[in-house]
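Below you'll find the structures, each written out as C-alpha cells.
Same chain, two partners: chain A is paired with chain B first, then with chain C.
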Partner chain A sequence: MLFTSYKFIGFVILLVALYYVLPKKAKWPLLLLGSYVFYYFAGWKFLFYIAAVTVITYVAGLLISRNKVRADARFAELKALEKSGSASPEEVGKEARKRYKEAQKKKRRLIMTIGIVLALGILAVVKYTNFTIHNINGILSVFGSTKRLGFLEIALPMGISFYTFQAVSYVIDVYRDRHEAQKNFFKYALFVSFFPQLVQGPISRYGDLSKELFTPHKFSGRVLERGLQRVIWGYFKKVVIADRILTAVNALIAAPATYKGVYVFLVMMFYALELYADFTGGIDITIGIAEMLGIPVKENFERPFFSKNIAEYWRRWHITMGTWFTDYIFYPISVSGPMLKLSKWSRKHLGEKVGKRLPVYLASFIVWFTTGIWHGASWNFIVWGLGNFVVIMISQELEPLYRKFHKKVNTDGSTAYKTFQVGRTVLLMSALRLFDCYRDVPLTFKMFGTMFTTWNWKTLGSGTLMHLGLVRSDYVILGLGTILLIVVSMIGRSGSVRDKMEKKMPLVARWGIFTLLVLIILVFGAYGQGYDAAQFIYNQF
Partner chain B sequence: MDELIDILKEIHPDVDYATATNLVDGKILDSFDIISLVSEIADKFDVVVSAEHMIPENFNSAQAIWDLIQKLEDEE
Partner chain C sequence: MSETEVKQKKDKKIARVALVLALLVASGLLIYAVDLLLRPKYMGTVTEGALTAEYYEAEGRHQVLFVGDCEVYENFSTVQLWREYGINSFIRGGAQQLVWQSYYLLEDALRYETPDVVVFNVLSLMYNEPQNEAYNRMALDGMRWSASKWNAIKASMCEGESMIDYIFPLLRYHSRWNELTSEDFKYWFTKDTVSFNGYYLRTEIMPAGAMPPAKPLADPNFGGYAMAYLDLMTELCQEKGIKLVLIKSPSLYPHWYEEWDAQMVEYAKAHGLLYINMLDIAESEIGIDYNVDTYDGGLHMNVTGAEKCASYLGRILVEKYGVVSARGDEKLEAYWAEVEKRYDEAKNG
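For the complex of A and B:
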C-alpha cells in the first residue's frame, strides 16, 4: 500500500476517523491493528520478520529491566546489612557491593548483546546474504575457480532497516537506564510497527515517542488541520516534483554512453532534487499523519541544503539516522576500553596529534562504512559512505588552515561567502550521490571523470532535454516547484511556516492556499498514461 | 575544575565556559570534540566515561561535565 495510492489515503481517513470516534481504551490498540493491516498489504510473509524483531527485543528489554530492579533491591539490602553490622564486610562491604553491581551489569550486557545480535541477525540475513554470495563468487572467480554459489530468493521486508534500528535502540536505552522496559507486549509492538514511520522512518526513540503514542488524544480541529497541511505539502513534493524529475534521472542514467559530460552534472542536480523532494516529502506525510492523530514525531530534516559543510549537512539530513549512528556506534566505539588504550599507545608512539585523532577517525570510518552498507547491500553504497568519511576527515584536517584564512580575511556575515559554502556543500553531496545512480563503482568514477573531459555543454541547447521523457511544461513545473521549495525553506529558517500562516492569515486564506496546493497535486502530479506511482527511494533501505 | 577548563579551552579557546550552558545543544561541541574531551578526562582524572554517559545534559556546561567527573570518581 503505497503512500501515494488511493487505498492508502482511504485507509488513513478511516483510521483517523475511527481513532477519534472510539473510546479512550481502544485508541492505541486501533493504531496497532492499523499498523499491522498496513504492513500486511506490503506482504503477509513480512509480518513474521517484524513480529520476530518485536518479540526478541521485547524479551531482551524485559529481562534487562527485571535484572536491574532485582540488582538495585539486593544492592540496597547489602548496604543495610553493612549498616546493621549483621554480616561481614567481606560479604556486604563496599568492595563486595561493587563486585555484585559489576556482575549484574555484565549479565544485563550479555542479554542486551544477545537481543541485538538476534535482531540485527535477521536484518543481516535478509539484506546481506546475496551480497555476501556475490562477493564470494567474485573471489572464486579471481582465483580461477568455476564454482559459483547460488543466490537465495529472499525478498527484503519493507522498512526492516528502520524498525530493526528502532527496536535495537530500545534495548540499548533500557540497558543504559534511559527508561524502563515496556511490560505490555502489545504496546511495545505498536512502538516498533507504528505505520506512518514504517516506510522510511524517522527512527524514533522509545523515550521520545511512547508517551504520546499510548496517550488517547481528544479530537482537535487545529491539530487535524495542521497535520493535514503537512501531509498536503508532502504529497506536493513527492507527486509534483520527485515523481516528475524521476523520469529524466532514469533516462540519463540508463544510457551512460550517450549522456556524458554535462549530463552527469544534470544527473547530480536532478537526483539531488528528486531525493530531497522524495525523502522529505515522505517524511512530511509521515509526520503529518502522526500529527493528525495528535502524536508528535521527531523531525528528520532541518533545511540540509543550507549547510555550510558536509559535517553540518549530516546533522541536518536524515537526523534520526545520524543521531542513531552517533549514539549507538560512534560513541560506544570511540570511548571503548580498547580504543582508549589505542589512543594512549598512539599518543606515546606516534605523537599527541595523531593519538588524539586516531580513535575518532577509526570510529568515524566504522560509522561511515556501516552507514553506507545500511543504505544498500552493494559496493556503490559502501564507497559512497567512505566518500563521505574522506570528505569530512579532509575538512577536519583543513580546519587550522580555514582558521588562518578567516583571521586574514573577514567573512563574518558575508552573504557571498555563505553562498559559496552552501554551493560547495550542494556540489560535494550531489557528486557523492552519483554512486546511488550508476550501475557500479567503476562506471560512477568514469562518469564523474567525463564532466571534465567531455565538453558538451552546447548540446544542452539543441533539444536533448526534450528527449528525457519530459516536455517543456514539465521543466516549467519543476522550475516553479523548486522555487517554491526554496522560498518555503527560507521562510522556515525563522520558525514553523504553518505557525506563521496561522498567526498572519485568516482561516479562509490558509485553506485557500492548501486547496490550491491540492488542485496543483491533482492537475500537475506526475501521473500520465498508465500511471504507476513510484516507490519512495528510502523504502528499499 | 580549573584543569577541566584548561582541557576545554584547548578544544575551543574562544568559548566562555563560565557562562556557557548549551555546549552540545548549541552545537559548540561536536561529537569529535566530545571524544577528545572524554579521552583527556580519562587521562587527567583517571575516570572512564562510557557510552551510557554520552547524553547532552552531561556535556552542556563545564559544571555538568565537572559533576559527571565527580560522580564517576565517587563510583570508582
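For the complex of A and C:
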C-alpha cells in the first residue's frame, strides 16, 4: 500500500475516523490493528519478520527490566542486612554489593546483546546474505574458481531497517535505564509497527513516542487541520515534484554512454531535488498522519540544503537516523574498552595531535560504513557512506587552514560567503549521491569524471532536455515547485510555517491556500495512468 | 462559567462548524469545476464519447432501443424511423461497445422506460474481455451513476484502470491540463447535442473496396463471458416483456464468419428470437449500394445507407412486432421537429 495509492488514502481516512469514534480503550488497539493491516498489504509473509523482531526485543526488554528490578531489590536487601548486622560483611558489605551489581549488569548486558544480535541477525540475513554471496562469488572468480554460490530467493521486508533500529534502540534504552520496559506486549507491538513511520521513519525512540501513542486523544479540529496541512504539503512534494523529475533522472542514468558531462551534473541536481522532495515529502505525510491522530512524531529534517558544511548537513538531514548512529554506535564505540586502549596507545606512540584524533576517526569510519550499508546492500552505498566520512574528515583537518584564511579575509556575516558555503554543501552532497544513481562504483567515478572531461554544455540548448520524458510544461512546474519549496523553507527558518499561518491568517485564508495546494496536486501531480507509481526511495532501505 | 458565556461559546462553535461546512462545499465545487474543465468534451472531431449522456436528454418513451457498437450508431437513422414509421427510437451505442456494456446500458435505460423492442447488434460478441480504456471511457463516462454503471465499469476495466478514476474523473484526466483547447472552455458547463437520438450522421461517400482477407479463427466459438452477457440480455428482456431482436449490421469489416453466424442462428432458435444477418440481404433486400452508401469503404454506412437500413428494419418492427406510430403526441412531435431540422441541416451540409 503505497502512500500515494488511493487505497492508502482511503485507509487513513477510515482509520482516523474510527480512531475518534471509538471509545478510549479501543484507540490504541485500533492503531495496532491498522498498522498490521497496513503491513499485511506489503506482503503477508513480511508479518513474520516484524512479529519476530517485536517478540525478540520485547522479551529482551522485559528480562532486562525484571533483572533490574530484582537486582535493585536484592541490593537494597543486602544493604539492610549489612545495617542490621545479621550477615557477614564479606557477604553483604560494600564490596560484595558492588560485585553483585556488576554481575547483574553483565547479565543484563548479555540479554541486551542476545536481543540485539537476534534482531539485527534477521535484518542481516534478509538484507545482506545475497550481497555477501555476490562478494564471495567475486572473490572465487578472482582466484580462478568456477564454483559459484547460489543466491537466496528472499524478498526484503518493507521498512525492516527502520523498525529493527527502532526496536534495537528500545532494548538499549531499557538497558541504559532510560525508561522501563513495556509490559503489555501489544502496546510494544504498536510502538514497533506504528504504520505511518513504518516504511521510512522517522526512527522514533520509545521514550519520545510511547506516551502519546497510547494516550487516547480527543478529537480536535485544530489538530486535524494541522495534520492535514502537513500531509497535503508532503503530497505536493512527492507527487508534483519528486515523481515528475524521477522520469528525467531515470532516463539520464539509464543511458550513461549518451548522457555524460553536463548531463551527469544534471543527474546530480535532479536527483538531489528528487530525493529531497521524495524523502521529506514522505516524512511530511508520516508526521501529518500521526498529528491527525494527535500523536507528535520527531522531526527528521531541518532545511538540510541550507547547511554550510557536510557535518551540519548530516545534523539536519534524516536527523533520527543520524542521532541513532551517534547514540547507539558512535558513542558506545568511542567509550568502549578497546577504543580507550587505542586512544592511550596512539597518544603515546603517535603524539597527542594524531593520537587524540585516531579513535574518533576510527569510530566515525565505523559509523559511516554502517550508515552506508544500512542504506543498501551494495558497494555503491558503502562507498557513498565512506565518501561522506572522507569529506567530513578532510574538512576537519583543514579547519586550521580555514581559520588562517578567515583571519586574513573577513567573511563574517557575508551573505555572499554564506551562499557560497550553502552552494558548496549542496554540490558536495549531490555529487556523493551519484552513488545512488549509477549501477556500480567504477561507473559512478567514471561518470563523475566526464563532468570535467566532456564539455557538452552547448548540447543542453539543442532540445535534449525534451528527450528525457518531460516536456516544457513539466520543467515549468518543476521550476515553480522548487521555488515554492525554497520560499517555504526560508519562511520556516524563523519558526513553523503552520504556526505563522495560524497566527496571521484567518481560517478562510488558510483553507483557501490548502485547497489551492490540493488542486495543484490533483491537476499537476504525476500520478495515475500514464505515470509510474513510484515507491518512496527510502522505502527500499 | 455564566449561562451567557456558555451560550456564546456554543454559538461560536456552531458558527465555526457552519463555516467549515461552507468551506468544504466551496472547495468541493471548485474542484468539481476544475474536474469538468479537464474532462474530454467530445465535441470536436471525436464525438462518440458524448453519445451515452445524450440518452438522458431525449424526449418520450422509446418504443425501440438499439444497443451495440459502431455498427448500430452509424448504420441506423433514428430520424428515418420517425419519419417513415413514427417510431420513437434511441441508439445506446458506442465505439467498440462491448456486449457487457450494451447489457448494462440497456439495464440502465430500463430504469427510465420499457421499450417494445430492443435491437442488439451481435458483432461485439467477438470480444470476450475488456479491450481499450479510451473506448471504455467513451461508453461509460456519460452514464448516470447507478448499480448498472458500477457493474458496467467493473466488467469493463482494463489492466491499470481503477474504479476511483471513474468516480472522480479528475484523477484520470488531470494530465490534460497541458492539452486544453478553446473547446474545453467553450463546453466547460454546457454541451451541444451531437447525435440524432444516438445516431451519428456521416455524409461523406467512400465506395467499398477490397477488404483484408479473413484471418483463420483460433476458436470458432464466441467466448463464454460475452455469451453470458447475451444470456443476461435475453433474460432481462424476457423478464420485462420486451422483444429482443438480434442483428448483424451490413458492415463489411470486421469479417463476420460463417461459424459465428451459425451460432447466432442457433442461439436465436433456441431462445425464440429473431436474428437478421443484414449482410446477406444488404444489396438484394435493403438496397444498399456499397459504392455510395458507405463513408469509409464499407466499414460503416453514411446517411443514405443508414436511412436504408432503418427503413428496412422499421418495416420488420411494424409488421412483425406491431410497433405503432407514436405520432400525435405534441411534445414528441415538437421534439422530433427540432431533431429533424438539425438532421436536415447536417445532411444537406
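Here is the rule we use: the second predicted complex is superposed on the first by the 536 of 541 C-alpha atoms of A that agree within 3 Å, B and C clash if a C-alpha of one lies under 4 Å from a C-alpha of the other, contacts with A are read in each partner's own complex, and residues count from 1 in each chain.
The rule is simple: a contact is a pair of C-beta atoms (placed from the backbone, for glycine too) under 8 Å apart; a residue touches a chain by one contact, two chains touch by 3 or more.
Quick caveat, the model's predicted, so the values are computed rather than measured.
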item: Which of chain B and chain C A:511 touches, first, second, both or neither; value: second
item: Touching partner for A:523 - first (chain B), second (chain C), both, neither; value: second
item: Which superposed partner A:6 touches (first chain B, second chain C, both, neither); value: second
item: First (chain B), second (chain C), both or neither touched by A:473; value: second
item: Touched partner set for A:146, first chain B, second chain C, both or neither; value: neither
item: First, second, both or neither for A:330, with chain B first and chain C second; value: first
item: First, second, both or neither for A:462, with chain B first and chain C second; value: neither
item: Shared chain A surface residues [contacts with chain B and with chain C]; value: none
item: Interface residues, chain A side, partner chain B - complex; value: 175-177, 311, 315, 326-327, 330-332, 334-337, 340, 343-344, 356, 359-360, 363, 396
item: Touching residues on chain A, where the partner in the complex is chain C; value: 6, 221, 471, 473, 507-508, 511, 515, 518-519, 522-525, 527-531
item: Interface residues, chain B side, partner chain A - complex; value: 27, 30-32, 34-36, 38-39, 42-43, 48-52, 54
item: Residues of chain C defined as touching chain A within the complex; value: 16, 19-20, 23, 26-27, 30-31, 34, 38, 133, 160-162, 164-165, 170-172, 174-175, 177-178
